[in-house]
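Following are the structures in question.
Each of the two complexes below includes subunit A, the first together with subunit B, the second together with subunit C.
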Partner chain A sequence: MGFLPNIGPAEFLSQLLVGFSRAMILFTVCAGLSFVLGVLRVPNIAHGSLYMIGAFVTFSLSKSFGGSSGFWFALLLAPLVVAGISLVAERGLFRHLYQREHLMLLLFTFALALILGDLVKIFWGAEYRSVPAPDILKGSISILGASFPRYNLFLIFIGLLVAVALWLFVNRTKIGKISRAAAVDRDMVALLGINVSRVFAGAFVIGCCLAGLGGALVAPTVSITLGMDHTLIIEAFLIVTIGGLGNMWGALVGSLIFGVTQSLGVLIFPQFAIVFPFAAVVIVLLLRPKGLLKSVW
Partner chain B sequence: MKPIVMRNTLTIFAGLLALFLIFYPGSAPAQAPIKVGIIDTYTGPPTTYTYDVRDAFKLAIDEINAKGGVLGRKIEFTTRDDKFKVDLALSTAKELVMNEKVDILMGTINSAGALAVSEFCKTEKIPFLVTFSKSDKITGEKGHRYVFSVTENTAMIGKAAAVGLAKRPFVKYWITGDDYEYGHALADGVWGHLKKIKPNVELVGQSWWKVGEPELTPYLTAISSAKPDAVIFATGGASMVNVMKAAKATGFAERIPIYIHTATELSTLAPLGLEAPEKVIGTSNYQFYYPDSPKNKAFAKAFREAYKREPKVGALYGYITAQFIVQSLAKAGKMDREKFIDALEKMKVDTPVGEVEMRAFDHQAMLPMFMGVTKKVPEYPFLIASDIITIPAKEVMPSIEEIKKVRGQ
Partner chain C sequence: MSGKLLDFKAAGFTFVLFLILLLLPPFIPRFFVYILGLIYVTSLLAMSLNLLVGHGGMYQFHHAVFYGVGAYAVALILTKTSLPAWVAFIGGPILAALTGLIIGWFCVRLTRLYFGMLQISLCSLIWAIVYRWYKFTGGDDGIHGIPMPRFLSSLNSSYYFILIVLALSFFLLYLILKSPFGSTLQAIRDNPQRCEAVGINVRRHQLRAIVIGTFFAGIAGVLFVVLERSVFPDLLFWVLSLEIFIMCLLGGWFTFAGPMLGAAITVALRTFVGKYTEYWTLILGVLLILLIFFLPEGVMGYFLGVFKSRGKGMAERRNP
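The block that comes next holds the complex of A and B.
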């Protein structure tokens, strides 16, 4: 059944936009992962767990605020809750481990991911959870005759906003500049009399906060359940690898490649749709083993 | 003189404990209880289904024990978590039989686990009642004297769906779903039977996503562009909620009729609340509000009072299992495994969905299937199934010829 659907410009465009919207959630999470990788050199496997916690917190908050506006409060507060958790984790655990080798850090963050997963199970149980999208973003709009979910348009908008905010943060704020400097040479920054420990804590919290934001953004489109962390963290590491480790714009490029190859792959070869994003990863790594953009590692 | 006081207290405690140990079992009836071992997944997302099996089983057993048990003996059960792992299911089955000395085994939601335990029970001659695994191999190709299934399987789902869908005017179908054993088995089951009943149906295409795929919107928009008359979703578990959400957000369910097994089941509809799409065609073995019979009402009420939630499909399986075990024991006259199996074959029990018979040939419980369409109603904070049609068990069951064929007889 080598069937190809009739692909008109409307279908193509709407499929492309769906790909962009998925890419924006991936970018939000991967930018955080990449930032932590770049500044702290920590391959944080627990990043996926923080994304999952973000989604579960969004569920609880939007339920307790209630109504259509509940989601908006949750969208603002859930990343802050995740940031709080990550601050505790950084001050309590991570900061004692920065000098260890990468394998140790990998094992440590993996253990943390398992612990956080179990804590989520204790807090929220194992049932599937669902968050309603706010009324204004429900349903779909018509783009050249093809229907497109409003919420996905909102995701594209937020994704662009996150990208701009990150650019301003890294390039226009002092802590952003120090973070960039610390990523390149942390001893040099310390020699300048800057409290590197505090910079690291700040960078870690910001990175994790983005994971929480990703979780909050994805909440209305999926079932919130245990295991959503594993699915995401694998894709996230692939994306930061093809983008260039520690390079935030690499995360953006990687996310776009991942999201768009997936959505267009489904349209063109539905039977083999799963393969496309991973095939793209393989091709990129064959051509540029260190990633598309400059890796800070 | 503190140490002596402590020593005295200890002596008294030890004495009390010894007295308790000596007299407590002696004061109970001389007959030891009949032991049932339950192996199931009690960690992770499958608990949405397995807790109901266990809880309804407990409810039924408590009631029977309160009346004095069966054959003058109480029924006792022990649960073990297999964590959805095949090796763990098998090792806990062994442990329950060797150490706990259970007389009967039941459980498992993982088909591979069920098949492994089933093989073990075949060699050890232990009766095993499968409560949630959906592989049709359990009572089909791999069936034997010691294994029974009290749940639907992919062959039955396929037949029921085909019977129901054939009544509708759709010709051009698209099939899509989770790219794993259950998804493909379900799709093959539905499509094979549908093609037989209604030969003019046409498969215009298919797409498969990886299990756990969070973003299904691209799949739905791609399917829309092929403009099929109806779409069969071969999916289960957490993907159910994702599919339903994406179908709602894209307006897909409004434009194209979709069929999903368990779309009308409470396990799917409860977490979605009012966010579930209407007009989705689904099938299920059980609804707490249908059939509207006194038996079902009483069952749902008792479950609700005991556990403060509505019973889902797993509750039906748990209840039926308890009835099958107890009534077969009564008929067998004593706890003898071979006699128990002879009694369980052809056993008929009264259940919330009417009388259910255990088919003697393949040990598959003959369950009816209910096909309905999702609908919002004012009474509940979630959607329910409306326009329910009952597909009787005899139309759902694979024929004995089919079973013989897969068993190579």
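The block that comes next holds the complex of A and C.
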């Protein structure tokens, strides 16, 4: 590898693991986006804003609980707060629009994103915030000679947990099966006497809850600021697209591609690291325009 | 948009409006001249998008990139080469249209949301490169203080230039929409399957429309540089793309001049509400939600519906 100077196996490995942990945060958020996209057929731009709200709520909660355990409370409560916000938005506004065209729904969610973004500005201001990781997850351990932050290992663990929980939810519970059926043919599900509107509300809240969880998980690793919603949502849309719209495993595959190409891109060409994942997305879409895995649409 | 080629009342009104705007600059403060210029640039951008979305029915989600490509092309030619200014002014739209051709060539194979998603990802790649390539594009700083030819040295002369180019583009876009090509495009929007069945090459028409639309977006980019003398990567960011969408929605998708009105409302709102509060996007968001609920055909569409056809045909066009 003559064109890659100064990269030892240890650096490569640690960068790869950083990529995996980044991918797991992306997966948590994108699984929610993909779920909403699959069941409601709505590309929810406000998803990024909910992720940002999750991060800011985590900041406030872990500060007010204080100490090392504050983060754990925040990690549990932040997704619930976000779920509450999304429930209000869905029942209050969103459900009246399901009959409209996609474009209108898209613009509606953008309007929601504008409003939520400014509300965050009102509540938390424009400063940079940071959340300390809990003591037990501070520091790093070495794996095969590569030093690796404990928090990132925790992220990988949580990401796998989310994947398993989602799989169980979608395949083993009744409401999961109903929502999958509603994704394929909502009229048929309604004919069977199931309240589709309520299924939609549930799916929307679950999806948004995952956005909040993603925001809470990312909080200790980045500086929390306005605008983090804008960078995330475009990445999330691309991930969901390359995975196959509405396919949860596609979201996992897409997140891994996105996270790993970005972190390895840092090794190869640091200045253009953000270009690599976009290029990877373009290559995937040119080869398979409808995504890698089967779309539910 | 069917029917007779020229509605004399509307044409007369447009011409009088054009004359008034042309004579305006000596009588109003400099700041208003600048804001009007910005409104013209933005309305040309919104109209170029509306050609694709409102009349073509394509999900051109990331239209701002072509605006940015046009603007950056001018900025780079003027700052990095010694070519004359007119080369830059013509090169900007051509480069934007070329980018549109390449991206559109891939996108027209798909429909609806898949079209939009592929479009976003290809365009985001361009954004990411512009955003990061410090040596060439200035990265996230952008390029400032772009030298302009002498005839554009004052704000008023830039204003005249922008207004005249806008008027010409307006006229050209109108002719394009009234041409057989324009009718075919709208037929494709309303029923692509039937168009294919009667022997229309749907993809080729859509691709042509994309090239035309991105060309005019490139012109808008050139005009932006004429007005601002600087470029920055936010011109290619997806948030701007959605703002253009909002302008089209505000004005009305299925009207010709609606997007101009939407652009004027949005720019005016940002300027004047932005003076009093930093939360102007909150107000824009609330306005947008009210609009989606109560006025889905837009301000212009609503008034045209009330005054002319009493909404006849509007309903069918809304739900293709």
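Operating definition for what follows: the second predicted complex is superposed on the first by the 291 of 297 C-alpha atoms of A that agree within 3 Å, B and C clash if a C-alpha of one lies under 4 Å from a C-alpha of the other, contacts with A are read in each partner's own complex, and residues count from 1 in each chain.
By definition in this document, a contact is a pair of C-beta atoms (placed from the backbone, for glycine too) under 8 Å apart; a residue touches a chain by one contact, two chains touch by 3 or more.
Note that the structure is a prediction, hence the values are computed from the model and not measured.
In the superposed model, A:283 lies in contact with neither subunit B nor subunit C. Look at A:138: by the touch rule set out above, it reaches subunit B but stays clear of subunit C. Contact with subunit B, but none with subunit C, is seen for A:128 once the two complexes are overlaid on the shared chain.
When the two structures are aligned on the shared chain, A:164 is found in touch with neither subunit B nor subunit C.
Of the two partner chains placed by the overlay, subunit B and subunit C both lie in contact with A:271. In the superposition on chain A, A:218 contacts subunit B only, with no contact to subunit C. Of the two partner chains placed by superposition, only subunit C is touched by A:45; subunit B is not. In the superposed pair of complexes, A:191 makes contact with neither subunit B nor subunit C. The intersection of subunit A residues touching subunit B with those touching subunit C, taken from the two complexes, comprises 121, 230, 271, 274. Of all the residues in subunit C, the ones that touch subunit A in their complex are 53, 59, 106, 109-110, 112-114, 117-118, 120-122, 124-125, 128-129, 131-134, 237-239, 242, 245-246, 249, 278-279, 281-282, 284-286, 288-289, 292-293, 296, 319. For subunit A in complex with subunit C, the residues that touch the partner chain are 43, 45, 93, 96-97, 100-104, 107-108, 110-115, 117-119, 121-122, 230, 234, 237-238, 241-242, 245, 271-272, 274-275, 278-279, 281-282, 285-286, 289-290, 297.
Subunit A contributes residues 1, 3, 5-8, 11, 14-15, 18-19, 21-22, 25, 121, 125-130, 132-133, 138-140, 146-152, 218, 220-223, 225-228, 230-232, 262-263, 266-267, 270-271, 273-274 to its touches with subunit B in the complex.
By the touch criterion given at the top, residues 43-48, 176, 179, 203-210, 212-215, 217-219, 221-226, 238-242, 245-246, 249-251, 255, 271-275 of subunit B touch subunit A in their complex.
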